[in-house]
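Per-chain numbering from 1; labels A, B, C and D assigned in written order.
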């Protein structure tokens, strides 16, 4: 079943790009599903909150929220409830993306909330030290992304391989069950292959796919490079 | 057409109550639609982000987001884009709810974003002075809610009538086109009638309806009291 | 007495510039005092929190905090208590600077705190609309500063005169007792004269003085231009 | 020299209590100095920002800021610069107190800033897991404080000994050089003795001393119990 999260994985963060909003979010999801079916590589999708349900209804791929709040059901307005994104069809959630940074205690609390409703937690970290710090809270996955490379087209595995290998080493030392992904600056298949050769089990990508002229082609290249490694 | 916003209006804030999440959000929306059809009173619904689309698809009532961010389409993760909630079916948005307070400059910017995508802006204020302050930014509606009364069952129109009349007076002085609502502690039809007699053109209600044993009955009472005034 | 706040006024925001930290804050304060004595123009100083006391002890000029929190005495760590800055020698405080923006309700609460301990409140606003909004809370002064001009050397009175005249008009309409200052991009005496000709009663300046090669000379020029208008 | 930080240590957080503000901060500091001289126990003091200099000038005890920001010298208003608190006389700083919680990446950055200006970093954590997480950033000290016990008079070493022993174990495992303190609910000498017996090397205390009827007597009891263990 394609909605099951498998390793290695490519997670595509749709952000709030207009190319991945509303109907276009669903279209991009279908493109990703096609690649996943052809290559048998697991592709996760992280659309905006309002697009979780239509995306989850349209394709059989694991859908992630971009963020959830620490709150429980109750008197909160404008917050994102773990139970709600779950019911809408998400199977996981990003946590602490560099564009949505959390207080330390809230990272712990958010991972706990995700666990309570059975959402896979993917915590973002900007360095090996932060990855190690986060690993202590036992998330399912950690995605290390140097924020200064995000959206640059300079792939992390080339520009800062030591951040990636450092993150893999310290995280696995603390908890070998935590899956380590990396991201930032990925635009080509070889960037993905390089990331996996550094010990990661997948990538977190956004503009490299969403803003590509031919998302199908680039995502296919990503997936094929994953199967090669 | 029921999705058109008309005055007087009852806006029901679903918050993150489990009684108004996911399928239950849709059920509550249908209950509200029934009351609206029977009484011809306009009832707006403010469900969680993920529930905007299913609610908007299920009923012909105006749907509001509980919050939108000031961002434009682009590289933002976990944010709420005005264009997205609009495409999902919302026709308006709450802004600056006491449970989601904004910086002053962001209130101005959020009202502008709402206007840009043609969402009706309903800015919450906790006092007459804050209502006056907010009126300067020309939102469509201002909902004055003393936060200390929210969820108490002590209706604002009885406990603090001077806050309501004060807000109506100062807002209308600045801009007679701005619709003034009030909220907090409303549980009975007479609370709504009292609110309208103080010069408001509607109410913002949450637990009084969402957590009522018989939401249909209470909402009907609310609507009938509106038509009486 | 020089520590009394008089109109027109030049307020120098020391920010966290190294040129205006610690001993250098005291030196700059003495330079300002010299100019104030020579020109009889009121010059206010807004040093960092830790420098309020040494600056207030060293010179007879009105000292402002750069920010205070809304808290009252009690169990708060790392917060800035109105009573503390008062006891340290401040006679006023900046509020809602564009580098320390507050939630709307907190601006109201901070002005109230300032009033309670008899600190003159100087609320910053980035536009005429925000100035009008803030005027409703009856601060003592409003300093309008388009944030995009801060630190640029492009004076607000030249680049955006309509923002300044707009702020003066709307604020005085709401409450003629509120003093209107303007700031951003001021580096020359003529910028100050221009600001006053647009109807303001003073300026808020930072890098134009703090980072000037000869702060005495520039500040003297500022003060002389104030006396000319 | 008394201003040197030695282990074991009692750090007194003055918070924004009126009993420890301005002149009263200096008085309390002198009381602490008397106890430190009599017992030879190291007592650190964490007054409000404006009180760092007068306290550091009045006594020969190590003074801590309650918080510093991650900023470097430059264009920031209302922020707390590491260099400033250092120049004012502080030798260390609290970081991430439960009343001033930071984003994860900012904890890392703040510890780095403290190291750059040679301030001893004391990072607060609310659990053993958070302590372990923080230890990865190599602060000088970690103070574990279950926030629900702060100000209660229920001592952490009695109510939650497993949090304290857990924090000591995980922190020392990661980095044996990091000093572990504990706090929350301490009001008696025996609470301090219990804390040290659980493996900590000192305590962080606030209301237990600041709001005591006889601070000298209680602080003396604290210090004597430290020398006994």
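Here, a contact is a pair of C-beta atoms (placed from the backbone, for glycine too) under 8 Å apart; a residue touches a chain by one contact, two chains touch by 3 or more.
This is a predicted model, so every value here is computed, not measured.
The set of chains touching chain A and also touching chain B is empty.
Across the assembly, the mean Cα position most removed from that of chain D is the one of B.
With centres taken as mean Cα positions, chain D sits 45 Å from chain B. One finds 34 Å separating the Cα centroids of chain C and chain D.
Computed from the mean C-alpha positions, the centre of chain B lies at a distance of 38 Å from the centre of chain C. Along chain D, residues 98 each make contact with two or more other chains.
Chains touching one another, given as pairs, are A-B, A-D, B-C, C-D. Listing the residues of chain A that touch chain D in their complex gives 96, 98, 101-108, 125-127, 129-130, 132-134, 136-137, 170. Those residues of chain B whose C-beta lies close enough to touch chain A in the complex are 13, 15-18, 21-23, 46, 48-54, 65-67, 71, 73-81, 83-85, 87-88, 94, 97-100, 150-151, 206-207.
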